[in-house]
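Read from first to last, the chains carry the letters A, B, C, D and E; within each, the first residue is number 1.
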Amino acid sequence: MQICRVVGTVVSTQKNRKLHGAKLMLVQPLTLDGEARGVGLLAIDSVGAGVGERVLVVIEGKAAGDALGRKGTAVDAAIIGIVDTIEHDGTA
Amino acid sequence: MQICRVVGTVVSTQKNRKLHGAKLMLVQPLTLDGEARGVGLLAIDSVGAGVGERVLVVIEGKAAGDALGRKGTAVDAAIIGIVDTIEHDGTA
Amino acid sequence: MQICRVVGTVVSTQKNRKLHGAKLMLVQPLTLDGEARGVGLLAIDSVGAGVGERVLVVIEGKAAGDALGRKGTAVDAAIIGIVDTIEHDGTA
Amino acid sequence: MQICRVVGTVVSTQKNRKLHGAKLMLVQPLTLDGEARGVGLLAIDSVGAGVGERVLVVIEGKAAGDALGRKGTAVDAAIIGIVDTIEHDGTA
Amino acid sequence: MQICRVVGTVVSTQKNRKLHGAKLMLVQPLTLDGEARGVGLLAIDSVGAGVGERVLVVIEGKAAGDALGRKGTAVDAAIIGIVDTIEHDGTA
């Protein structure tokens, strides 16, 4: 799982029927220091996350489908948690 | 999922029978600002997308197969939506 | 899927029994302009491809296994088509 | 599998129900010489690992789910072993 | 699949029970010219490979699990063949 920040949303009217009702969020991967790194991606929300929040994102089809249940089976990324705190020992 | 632009098509006559009837689209991943990034790839269309459109692409075998149903099971990428609008908060 | 060129073959006598009879091809990913990019990899042929041909390659375990049927289930890449033509609109 | 060091933990109260009870560890991939490389990620612990330990991490949804059993099915990375010793022949 | 060289072994006493009996090998990906490239990873042996040998490695959970059979289901990489010869046409 990656720590990301929710930075936006995407609207798609014409989409695969397996995505109907899914909430498409734009998420930006972060370093452990909270800096953006790499490119943003789209993830389906499973926990009621909002723009600006730090979230846990699974990036893999089977895991994302499991997180979302039946309707989510055509997706490859899902938000599975909202981050409260990160404890980092400062090494490596 | 990645936001991509459809930039072309590929014709393959001699192909695995599981791909018969599949529409092979060339898609280019985009940054959140709409710039091309990285290399293009091939995805099977599941939503009637055309060249020039911004689309949502799943890049993973299980998810792509789910999107396409039975005939799509030998593919690793699929177009699953056409992007109407992207809301981006400008951070990260 | 990626567009690759078949650039060689590999012989392995001592191999997992699930690979018996499989044709191991060395494939080189290409840019949309036909230039080599990144590193070569091994893919199992499912369409009768030969050295020098441009091919479609799935790079994912489930998709590759689906392409090859029962005997191919221990592989993570497969050639699933021979490219006839690529239409590219020149953008992105 | 990758060799990583456990460098922290993450707390998430609002999370997917499939993650309830899971121990979220922050892990940093290492080179064969023990240096940090690339970015940290989150993995679910399946072996009782603690901060500071070198561990084996599977980074793939099916494998991680298998490691964790039923409750772990929505995750894409898992700690599956604690490293005692590494024998490296010094080549490559 | 990637061509790698076996460069070492790893011992892990405290590990997930699905790994009991598995032989953990350190493998280094190679270019087509036999040079090391990228970072080493861990793979489970399924063919009796030894340190120093060039091997075929599947790097994907489903494929690795298939290679190893039942006990291997929590792994994401497996050695599935020992390379005898590589024929490379020298292009690309």
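We adopt the following convention: a contact is a pair of C-beta atoms (placed from the backbone, for glycine too) under 8 Å apart; a residue touches a chain by one contact, two chains touch by 3 or more.
Not measured: the values here are computed from a predicted model.
In this entry, subunit C maps onto subunit D through a rotation of 145 degrees when their C-alpha atoms are superposed, rounded to the nearest 5.
Subunit A and subunit B, compared by their mean Cα positions, are separated by 19 Å.
If you average the Cα atoms of subunit A and of subunit E, the two centres end up 31 Å apart.
The set of subunit E residues touching two or more other chains comprises 60-62, 64. Think of the chains as beads on a loop: from subunit C toward subunit E, the beads read C, E, D, A, B.
Subunit E makes touch with subunit D in their complex at residues 5, 7-16, 18-19, 24, 26, 28, 30, 36, 39-43, 51-52, 60-62, 64-65, 73-77. Considering their complex, residues 1-3, 29, 31-32, 37, 46-48, 56, 58-64, 66-67, 78, 80-89, 91-92 of subunit A touch subunit D.
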